Amino acid sequence: MSSDAKAAAPPAEVPNAGQVAAAVRGFIADIGPTVALALSSCVHCGRCAEACQFYVQTGDPRYTPIHKVEPFRRAYEREVGPFAFAYRLLGLAPKITPDELARWQELIYDSCNMCGRCSLICPMGIDIAELVERARHGMFAAGLAAADFLGVLAEKEHATGSPFGLVRSQFEDMLHAIGRDHGVVMNVDKGTADIVPTVSSIDVKMYPASMAAIAKVLNHMGASWTFRTDGFDADNVSLTAGDRAGQRKITLGIVKAALACDANTVVMPECGHSFTEMRWEAANAFGEALPFRVLQITELIAEGLSVGRIRVNKVPHSATYHDACQLSRRGGATAAPRVILEALGVELHEMEDAGATNWCCGGGGGVALIKRAQPLMDKAFEIKQRQIEVTGVATIYTSCSGCRQTLEHGGKARNWNKTVASLLELVADNLKD
Amino acid sequence: MDDRETMTETLCAMLARRGFGRRSLLQFAIAMTSSLALPPSVAPVMAANLAKAKRRSVIWLSFQECTGCLETLLRSSSPTIDSLIFDFISLDYQEALMAAAGDAAERTLREAVAANKGQYLLAIDGSIPIKDGGVYSLTGGRSNVEMLAEIATNARAVLAIGTCAAYGGIPKAYPNPTGAVGVDDLVSGKPIVNIPGCPPVPEVLSGVLVHFISFGRLPDLDDRKRPLAYFGTTIHDQCYRRPFYDQGKFAKSFDDAGARQGWCLFELGCKGPTTHNACASLKWNGGASFPIESGHGCLGCSEPDFWDAGGFYTPLAGGSPPGWRNAGIAAAVGVAAGAAAALAARGRAASARHKAGPSPEETP
Amino acid sequence: MTLLAFARGPALQAALLIMIAGIFWRLAGIFLLPPRAQHAAPRHSLAGRIGGGALMIVSRFIPHHTFWPRVAMSVVLSTTFHLGLAIILLGGAPHILLIHQVTGLTWPGLPKGLIVISSGLTLASMIVLLIRRITHPVLRMLSTVDDYLSWLLVFLPVLTGILLAGETIGGYGTLLALHILSVELMMVWLPFGKLMHGALVFAGRWGMGMNFARKGAAT
């Protein structure tokens, strides 16, 4: 497994045997036919490496996407594969060693955004991004979720429902304060409402205006809506950390809150993973089809625009749009932002490879929350920088606060004179009364 | 002429008696030299040697055979020097042909062996059954195995004539109830020449004999002890239908349009590509035709185990795959094994989950 | 028993039975694991999802624009190899004959010259692929014994096949026996290594196609 790659980030503390056993249990706990097929299918063609921003930018073969889940694959073949007994008997899949697991922490966390470009290229149809997400379950169970921000935030989120440990009353106060500051009517914890919007913890921390923006849009629509402090922060850091129980807790909290007020729509914020989690996995945690729709905020706005429920002023200017991986490539919400931009009269200069095949900003999947991954993330960001520079525009819109934060961070490091802005806020600022 | 005179006269004298002069002998030698794939300069040497040649003793033992090999060698459409060669060898013992029988035959055999010790050629046709003490083929109460062992001891060389003698032939075909084997499986320490074919091409035997008579030694053999001159190429290499093979023109069924145009019979099971023999060049019945020319694929009868090679009408590109029933059983076994593995996997996963805690998929 | 008779008889039976049993074993071991129910409201109907599954089987042959030119070499080499092999297997008269014997199906074959050219291209692409696998840092890191063994077990049949078709080197009977035996070796290994991708690729692309169509995700 060793390679002659450049110096890697310092490895995690080496786990003990019990932790390794816990990792293996976490790896094999919920393997169904899809994951089994995926783990069996790799033909070592190497194309996934060419799709991955981390390999492309560093040339380090260890960042080959399918290689990132090698311990996961070995556990599968050894414990629950079709020839498991032969693998064990003949030593074909050696037991994972503590040292290997420690070395793989960087590969599974620091160098993967779960952006899905690898899944898009794989000729065998292996959803490698999903395999990384699953592999994180085992790593978390071993106590090897990347320790700094990500691990700490996940722990807090599991305990309190918020990565920053905020409680319901704090959310309530915050929302009312935002309402006052922005002159917006805020609905909080109403007993009945059609629409329940959610926010991401990044918005809470960094972009409070986006919460005002959601309220503005919903008020403009004349919708019956409410924030629910019992199902508020959709960020789900637990997901990116690999904490299955925490992930479930956050998701079901939102579901329950929506049920409690008989909502027919839950709106996901400008955030990537929260959307894919709620839209595509929440029903599975719930055990049956959700009795409400799940829309990302751009989908809600695009829908509203198309039926005339939302009206906007034209604000002609040049800009480009960065597609959040989870929203477009993984989530299927690629068209909505462009409907919105067109309605706003924005002169859209698309990046090369724009849309569902776009490059990841490099910050997703929790990577932005891992301090030691900063250099790697910055290296990956160079691709995004080049893409943007080629368009020649000064404004980049995006509909994911994680991307927004990463783009701003990357831009600051390069002293560029470009503006990164939220598409939601652009809409909210230009609603036609 | 009395017997003693015929025993000592030279071939030249014998031919002269029959009306064949030296020129005929030289022409014969030229033809034979070519047939044996020897250089043309050898022809006059062969003619001179043949002229001086004295009779050679040949003892012919017929074992577990159908007599087809002997019959084919005796058939000749017109008297040729080939057949005269057979006259020239002193066929001192051959049960089907000789006048004597019973005890007289036994005595003849013993006398011939004694008189020509170390010099006679031993010709065998038919396979030798070895199972159950060789009881399945006896002559005068003695098994073929025993006879072969005794008579081969003092022979100059052994000629295994026909596929049965060479490789076991038809009796050896599955399930080989008599334990039939070829000469080569039983005789060691003696030069053996295999002249396979079911039956062999008659001219091949005469060619071997002529070579032996002329030069006092056996012709060059291939790795299956067959004369290279006749068995060095395959039917495929000499077949007049080869251009059709190369062009991909194959008869799909007997007497279809392609067959009637003389197209290649590969798809009808022809074993020409893997069969070494001279049929495609020397042909049969004095060069009249050979199986492929008559529209039937080569059976591969000069190769070992041609009866068990998967079927005369199964092309070389095919084989004997397992039937659908056995394939189905294999699939079922596979599914059962896989199901067992999946069951074990489910158990291990459940045990892992039990230790790990509730999953996101569990209902609230 | 001659080598050829062995190859066409008992060896063929054993190899096919092992391959069949192995394939079903591996597939059953994968697909009999507990499936994960999907309760989220799909973006497309069942017909649309089935269409998505079918479409991805074909669309994955050509990567998206964003991945070129980085994967161009891999795609060109792999396509040449697979197409070459397909032409040999499905267009070569002896192979069609074998398929006819087993299934009763038949179709016209391609001229032998084309098959020989195709074989040459296949062999050449395989050699380049091997060199690439040994020299490219990603491939060298990923590769296991299985990768090299599988390469050899496919290379030998193609090599012996082209020698057989050329009919210039070696005895026909011996080459045919070696050709058939080399195929049988490949068959025996197939279910247990990466050659199984011949079956898995359809299931994988189909599953991903259906899943991604369900989500409206990029395919």
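First chain written, first letter: the chains are A, B and C, and each begins at residue 1.
Heads up, the rule we're going with is that a contact is a pair of C-beta atoms (placed from the backbone, for glycine too) under 8 Å apart; a residue touches a chain by one contact, two chains touch by 3 or more.
Being a predicted model, the structure only gives us computed values, none of them experimental.
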Exercise. Count the touching C-beta pairs: is A-C or B-C ahead?
Worked result: A-C
Exercise. Central chain, going by Cα centroids?
Worked result: C
For this session: Can you check how far apart chain A and chain B are, centre to centre, with Cα atoms defining each centre and the answer in Å?
Result: 77
Problem set entry | Distance from chain C to chain A - Cα centre to Cα centre, in angstrom | 36
Problem set entry | Whole-Å gap separating chain B and chain C, where each centre is the average of the chain's CA atoms | 41
Seminar exercise, completed: Each of the following residues of chain B touches two or more other chains, namely 338, 341-342, 345, 349, 361
For this session: Return the residues of chain C touching two or more other chains; collapse runs of consecutive numbers into ranges.
Result: 25-26, 28-30, 32-34, 36-37
For this session: Find every residue in chain A that makes contact with two or more other chains and list them.
Result: 30-31, 80-83, 281, 284, 286-287
Exercise. For the complex, which residues does chain C have touching chain B?
Worked result: 1-2, 4-5, 7-9, 12-13, 16-18, 20-30, 32-34, 36-37, 93-95, 97-98, 101-102, 109, 111-112, 172-173, 176, 180
Problem set entry | Contact set on chain A toward chain C in their complex | 3, 30-34, 36-38, 40-47, 49-51, 55-56, 59, 61-62, 64, 66-67, 80-83, 116-117, 119-127, 279-284, 286-290, 293-294, 328-334, 352-353, 355-359
For this session: Name, in rising order, each residue of chain A that touches chain B in their complex.
Result: 22, 24-26, 28-31, 79-85, 141, 244-245, 247-248, 251-252, 256, 281, 284-287
Exercise. Which residues of chain C touch chain A in the complex?
Worked result: 25-26, 28-41, 43, 56, 60-61, 63-67, 70-71, 74, 78, 133, 136-144, 147, 192, 194, 196-197, 200-201, 203-209, 211, 215-219
Exercise. Tell me, which parts of chain B touch chain C in their complex?
Worked result: 234, 236, 246, 248, 250, 267, 273-274, 303-305, 308-310, 314-322, 326-327, 330-339, 341-343, 345-346, 349, 361
